[in-house]
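You will see chain A twice below: alongside chain B first, and alongside chain C after that.
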Partner chain A sequence: MTIARFEDVEFGDDLPTFDPDTGMENVRRFAKAAQMMAARFTDHEGAKKEGLAGAMVPGVMSQAILAAMIHRWAPDADLVKIDTIFRAPVMVDERHHVNGVVTDLNEDERTAEVDLTVTNDAGETRVLGTATVKLP
Partner chain B sequence: MILDLHSHSIASDDGRAKVENYCKWIRKKEVPIDGFVLTEHRQFDFAGDYAALARDFDLTILKASEVETEYGHVLVFGVTPALTERFDFGAIGLPLVRVIEESQHHGAIAVPCHPGRTKVGMCAHIETLGVPDGVTIVETLNGGSRGSEDESAQAMAAQLGYQGVGGSDAHIVSHIGRCATRFPAPVRSETELVEALQAGEFEALSWK
Partner chain C sequence: MEVEDLKEKFLKLNFDEAEFHVDGDDMVGFALACGETAARYTDPADPDFHATPTFPARFHGRRMLPRDIPLGGKIPLDAGKAVMPQKKIRPGTKLVGRSHLHDIYEKTGRSGRMIFLVSRMELFDEAEDLACIVDSRMVVRERPGE
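And now, the complex of A and B:
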């Protein structure tokens, strides 16, 4: 479901969730485009040599995934601010889930505050944050 | 009476939730808690007055602190102005035993939180620093725990005879109330919270 106008949104609304492609091929594609071709992102063995449990999704890619969720929900909205806190690595080739929920509305500004999370199959929050979205 | 004993508002450097929105969320989503405790990082929020919100939403809203010791992070309930003069709440690596002793002396109580967490939890530090004196309660259910962190906390509590409390460790609105603590009687003030913890009749709860 997409929303078009501020009036379509209520406090507590869930944004449509989706499972982003955090497989190695897609992460390598992102890393190449973002000029971040480092082993910690693109190679499990290379990442382990750096002391990591495996390759991890770049933080900026996680943020981009969260931004994409907002644009899927509200295609005509402006993303005024997105603020992410990285609690734990988002591991490449593990399944993740992206969620958002409306936690504040400003009628004067026609903005919505949205809580954002990236969780794994164990239900662990790997990334959390908030966004401010200005709606038509 | 169920209270979320561990939450952060925008007063904390990594907190993103307004207190009013916690209240709205609890009522809108029918989160099964009667209130929450704001445990801001490395400070006590003397300025924050949430009495009107508490009244409007019929919730108990209390204030406490989360300080940082050589054993990891520690919640301090029952903070008074005099206690904040006894050690630097903003410091990193405070001596845990001193935090415990000063808290006791000023009618407060110190509770190590997320003890199963690497670096900022007590379990790992016991291996190198030994068992600290004076701990009676630890947080055994934390809403932000990953992997086996809560299990590690519970195992340590069982081994050392600590009681366990629960708190969400919420930093965003929608995470409030994921873990909490049930008390047998109403808790309406910071003083009553300390008394309830000292009485030892409580139960950690999780809705994760």
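And now, the complex of A and C:
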């Protein structure tokens, strides 16, 4: 379900979840576009040499994935602010899920506050955040 | 390392300036890799084609913190990032990013004190219009007794 107008949103609404592509090929594509071609993002063995468990999805990519979820939910919305906390690494080649829930509405501003998470298959929250979204 | 001293000496003072060129191919690659589907982010032929709102978070200045900030030899860890878009960013735009410390605060828990440093980059376009604000939160941890 997509949202066209502020009036379509209700407190507690869940955004449609999706599983982002956090496979190595796609992370390399992101890293190239973001000019972040570091081994800790693009190569498991290189990341291990840096003392990591494996390659990690860049935090900037996790944040942009959360923004993409908002756009899928409300295609004409404008993002006023997105604030993310990188609580734990999002590992490349592991499956992740992005989720959002509406936690506040401001009728005067026509904005919605959305709580955001990136979780892994174990149900662990790796990234969390909030967004303020302005709706038509 | 007292927070009030750090605030007095470092807050609100620009410590870095850097230029960035916004490339259309990078905008598309960034958007598609993150799962964007809207043509305004993914199709350069779209009349409203512009960068995704968080695209400016990829820009990094030459320094994340003032050169002489005393952190006791500790390396700050990435604690989060906030993006506040102000204007649509089109391909070919040249941006200037100016950075300052926007906030410094501390939290104390059972594992000791944590000092948070919020480095704010303000990105301006060729018209000197503010295009985006990016806050990078960094944390320095102290152990009890340090």
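The rule is simple: the second predicted complex is superposed on the first by the 136 of 136 C-alpha atoms of A that agree within 3 Å, B and C clash if a C-alpha of one lies under 4 Å from a C-alpha of the other, contacts with A are read in each partner's own complex, and residues count from 1 in each chain.
To be clear about the criterion, a residue touches a chain if its C-beta (ideal position, glycine included) is under 8 Å from a C-beta of that chain, and two chains touch if they have at least 3 such contacts.
Quick caveat: nothing in here was measured; it's all calculated off a predicted structure.
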item: Chain C versus chain B, contacts on chain A by residue; value: C
item: Chain B versus chain C as contact partner of A:Phe18, first or second or both or neither; value: second
item: Which superposed partner A:Gly46 touches (first chain B, second chain C, both, neither); value: neither
item: Which of chain B and chain C A:Val101 touches, first, second, both or neither; value: first
item: Chain B versus chain C as contact partner of A:Phe30, first or second or both or neither; value: second
item: Partner chain(s) touched by A:Thr125 [first = chain B, second = chain C, both, neither]; value: first
item: Contacts of A:Ile85 with chain B and chain C, given as first, second, both or neither; value: both
item: Contact residues common to both interfaces of chain A (with chain B and with chain C); value: 83, 85, 129
item: For the chain A and chain C complex, residues of the former touching the latter; value: 18, 20-21, 26-27, 29-30, 32-36, 59-61, 63-65, 67-69, 71-72, 75, 78-86, 129
item: Complex contacts: residues of chain B adjacent to chain A; value: 14, 16-18, 21, 24-25, 28-29, 144, 146-147, 171-175, 208
item: Residues of chain A that touch chain B when the two form their complex; value: 11-12, 83, 85, 87-88, 101, 103-104, 113, 115-117, 122-125, 128-130
item: Residue ranges of chain C in contact with chain A within the complex; value: 25-38, 41, 52-55, 57-58, 78-85, 135, 137
